[in-house]
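Below, chain A partners chain B and then partners chain C, in two separate complexes.
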Partner chain A sequence: MTSLRIFFIGGLMSFRALFNWMNPWIFVPTILLGPITQILLFAYVGRAAGVGDDEFFIIGNALNYAAIPGMFAMTFTIGGERFAQTLGLVLVSPARRIPLFMGRALPVILTGWGTAMFGIVSGVWALDADIPWGSFPLVGLVVAVGAFATAGIGLVMGAINLVWRDGATLGNVVFLVLLVFTGTNVALEDLPGWMAPIGRCLPLTHAIEATRMVADGAAWGQVSGLVGTEMLIGAVYVVLGLAALRWLEQMSRTHATLDRV
Partner chain B sequence: MTDPQAAVVARDLRRTFTTRQGMFRQTHKTVEAVKGVSFEIAPGELFGLLGPNGAGKTTTIKMLITLLLPTSGSASVLGRDVVEDVREVRRRIGYVFGGDRGLYERLSGLDNLRYFSELYGVSPREQKQRIGELLELVGLTGREEEKVEGYSRGMRQRLHIARGLLHDPDVFFLDEPSIGIDPVGARELRATVAGLREQGKTVLLTTHYMFEADELCDRIAVIREGEIVAEGTPADLKGLVSAGRVLEVETYGVADAEVASVREVPGVRSAIVEERGQVQVLVVSVEPGAEVTQQVLARLGDTRVGRLSHREPTLEDAYVELVTGADA
Partner chain C sequence: MSRLRQLWVCYRLQLKVMMFSPFEGFLQVFFPLMFATAALLVYRVNNDPEAMLYAGIGAAAMGIWTSQTTTAATLVQRERWAGTLELVVAAPTPFAFVVLPITFGMATLGLYSVVAVVLWDWWLFDLPLQVENWPGFVLSILMATFTIALFGFLLSVTVVRYRTAWAIGSALEYPGWLLCGFVVPLALLPGWVQPLSWARAPTWGVQAMRASAAGESPWFDLAMCAAVGLAYALLAAWLGNRLIDSARRHATLSLT
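After this line comes the complex of A and B, so read on.
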């Protein structure tokens, strides 16, 4: 019961506590206009170059943008605590770490999902693209799995923040790596041979591919393998993140890394 | 000999920090922050760890509350080892540090308390009543719905204390709780801490305010440069210097070399310079029966000297003598 409450109630409260400083009049447009501008940029580049179609770029870039909350918000759930000097108080509590940190992931996943879905809907509307409305429930499910996987990589980055306080800066690079390696704007088979295997180990790659297939009319049975792989990749990152948190928390006790704010 | 009933036991606790500098040619610097600290705190006792900044008070507390691992030595809280039995120790202790950070600024005081109640597993049924009682205890009833960012430093500190008590801990660690608080706020805080003792809580308080330790603590350990240099009741510590006198000399621009020279006068136990507003005062602790006034004035050379006075030593003099003992 305690762990469940920490997961749901604690997760939501910590999300409010850590992100309440953001003015909604700045935060909401940032999170919503970002994917639209990125979609428009690559869709128009694609049109000008005569490659791909609008749906390809809408789905790729909308899902790619789910990585923004996934990575940065997750990183901030630890970095922000460190700057507010609340992290020590949280870590000295007996709360179990899995519900404590995974509870923080839940609002992050919801934000990432909302961002990506808003990007897809807005892209379809702005570019008059052809994604059947009937496919949206399944699109929504696949996007949720993609958002979960990005939160997994965000958890790893959050753990890194326990040791290196500027760990969040890494997010800028990881975002670009995802942009290039996950088939967001260039299909994996069109990338140089060495890049595709890397892309297949990253979050979003399989979710983007599955969402494109669903938008083209594929049924659940045809994409379940891809969605399952995305889920597995997300779970691997979550486990890595939690293991890293555990290890780095221990390291902070040994090397007093938390004392340096 | 360790008392099996002791609430807190520290045995030869040591903590070393290694810092690195430079990117390519790294240099390592090792600092021994705590050098073999040992003490015991009985259940229900209010124990003070007194020392100047950088003496090792916070490092000692962090080892006891499981935030730092000792480099060597051992410690236990309520019989639980702070290295091996981390979760159980955390469950039974409360921790509050000084300063105005460590709270979620954009949440209300009430939401801060609710969040930490969840972390400590306070059941929803108990939460409301417990939070209400604690708000009453720390004098924040009626202000709990306000965001913490609007709280004064004293209010924040009292909220910290309420946070630390949410799960009704048996042992409470207070790390310089009154730092930066105005005199009225500090007095209220001391009243709150005194209330904890009345409730039977075991409290470890670190402070560098002598009067605070004197007013609150049953026993005090004075820590200097990572080592405990004296331990006892406030009366015991006062006794260390009560058999002497203190000579105070107003000076104008006394040089370090002259102060060092004064320390060498036979019969002088310690000498320090205090800045009191516009006035500089040379405070000389003198052994019983020693007459040093003329010699001290002679050692001051051409330094302009104002009023001279003698007084009985205070607890603060004992503290100063203990923490400056090596070089005074």
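After this line comes the complex of A and C, so read on.
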């Protein structure tokens, strides 16, 4: 029961306290306007280049943008403890680490999911694209798995942020890597040969592909393999993140660097 | 002479500060580089050499825009966090002469980004820069850089009372790339959007770059670029004085 309380209530409190982007002055330009303008930019690049259709770019960029809260919010809700001078208190508490840190991931996943879905709906509206409304429940499910996977990589980054203070730069670099390697704007088979294998190891790649297939009318059975792979990749990053948190926690205790900012 | 020295010292000092900042020195180059890569990867699918060259020239200049948006928007905020904003405002040097060399320092990083993207495109996409009129091309890049720095000046004073100004600057990134025609021909945009493009100096700067590369005359575009840039500077100087005076009068300079 205590773990459940830490997971749900503790996670939500940490998210609200440390992810200051929930302020509307930040939330609207970054989380709401950001995906729309990125979708428009690449949809027009696609039109100019005569590549793909609007739907292709709407889905790719909307999902890519789920990585923004996925990475930045996870980084802030873990690394932010250090700046708030509360990291020591968190780490000396007897609370189990999995609910402690995974609880912070749940609001992040929901925010990432909301960002991507908002991007898809706005993109469809702005560009008059054709994604059947009937496919939206399955699109929502696949996007949720993608948001989970980005929260996984965010957990790894949150751990790194315990020892490396420039989380904003790191978050942007990973976001850009995802933009180029995951098939956001170019299908994996059209990327240079050395890029596609890297993309297949990253979060979002399989979710983007599956979402495009669902939007084109594919049924669950046709995308379940891709969704399962995305889930597995997300789980691997979560495990990596939790292991990194444990290791870096021990290291920061050994070297007395816990509160160094 | 003392004014020139102040401008030079301020420019040199701020440039050094930015060059050693991972966010400004590294990310301001890496961010447009990766977006340029993403755009060129899309163009590469059909492998039309003419379209690739068109996109390659615009992509090279994307970094000049990036060098200003988020960084210029946070210029005043950084002084505020450092506790130096009151000192800067109270100094006998006009506020504009403190802000301008900083935005020119940012634009210098943008120029570095141009070189980085050109070399990157050559290496990754086998896309060498083909320019018929090199003096015109270089002049166009410098004019684009100069006027984007003036836009940074305007942006930095406009958001002086906005506590989370970085979010506004960040939100301007993609619309700027789109509306100024860095990687998309303006003719593709809806008609009602095009006047917005004409009111942006980089639009004319990028057109001048393309005209020079194609061997056409860049002078009309350069003149338009300079005129719009001058309008930015005049507006920023006027607005800057009014907003700073207002912030002093209402004791809201520190926003605490």
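In the analysis below, the second predicted complex is superposed on the first by the 254 of 261 C-alpha atoms of A that agree within 3 Å, B and C clash if a C-alpha of one lies under 4 Å from a C-alpha of the other, contacts with A are read in each partner's own complex, and residues count from 1 in each chain.
Heads up, the rule we're going with is that contacts are C-beta pairs under 8 Å (C-beta built on N, C-alpha and C of every residue); 3 or more make two chains touch, one makes a residue touch a chain.
For clarity, every value in this text was computed on a predicted model and none was experimentally measured.
With the two structures overlaid on chain A, would chain B and chain C clash, or do they fit side by side?
In the arrangement built by aligning on chain A, the partners chain C and chain B fit side by side.
Identify the partner contact of A:98: answer first if only chain B is touched, second if only chain C is, both if each is, neither if none is.
neither
On the A-aligned overlay, A:90 touches which partner chain: chain B = first, chain C = second, or both, or neither?
first
Taking the superposition as given, does A:168 touch the first partner, chain B, the second, chain C, both, or neither?
It touches chain C, and chain B stays clear.
Which partner does A:196 reach: the first (chain B), the second (chain C), both, or neither?
Neither partner.
Where does A:41 make contact in the superposed view: on chain B (first), on chain C (second), on both, or on neither?
second
Per the contact definition in the header, classify A:17: touching chain B only (first), chain C only (second), both, or neither.
In the superposition, A:17 contacts chain B only.
Should A:179 be classified as contacting the first partner (chain B), the second (chain C), both, or neither?
It touches chain C, and chain B stays clear.
In the combined three-chain arrangement, what's the angle at chain A toward chain B and chain C (CA centres, steps of 10°)?
In the superposed arrangement it comes to 90 degrees.
Which value, in Å, gives the least CA distance between chain B and chain C in the superposed three-chain arrangement?
The answer for the closest chain B-chain C C-alpha pair is 12 Å.
So which bits of chain A does chain B touch that chain C touches too?
none
Where on chain B does chain A make contact in their complex?
17-18, 62, 65-69, 87-88, 90-91, 93, 95, 99, 101-107, 111-112, 114-116, 118-121, 124, 163
What residues of chain A sit close enough to touch chain C in their complex?
23, 25-26, 29-30, 33-34, 37-38, 40-42, 44-52, 166, 168-169, 172-173, 176-177, 179-180, 184-186, 190-191
Inside the complex, what are the residues of chain C that reach chain A?
Result: residues 22-23, 26-27, 30-31, 34-35, 37-39, 41-46, 48, 51, 55, 162-164, 167-168, 170-171, 173-175, 177-178, 183-185, 188-189 of chain C touch chain A.
Flag every residue of chain A that touches chain B in the complex, lowest number first.
2, 5-6, 9-10, 13-14, 16-18, 20-21, 84-86, 88-95, 100, 253-256, 258
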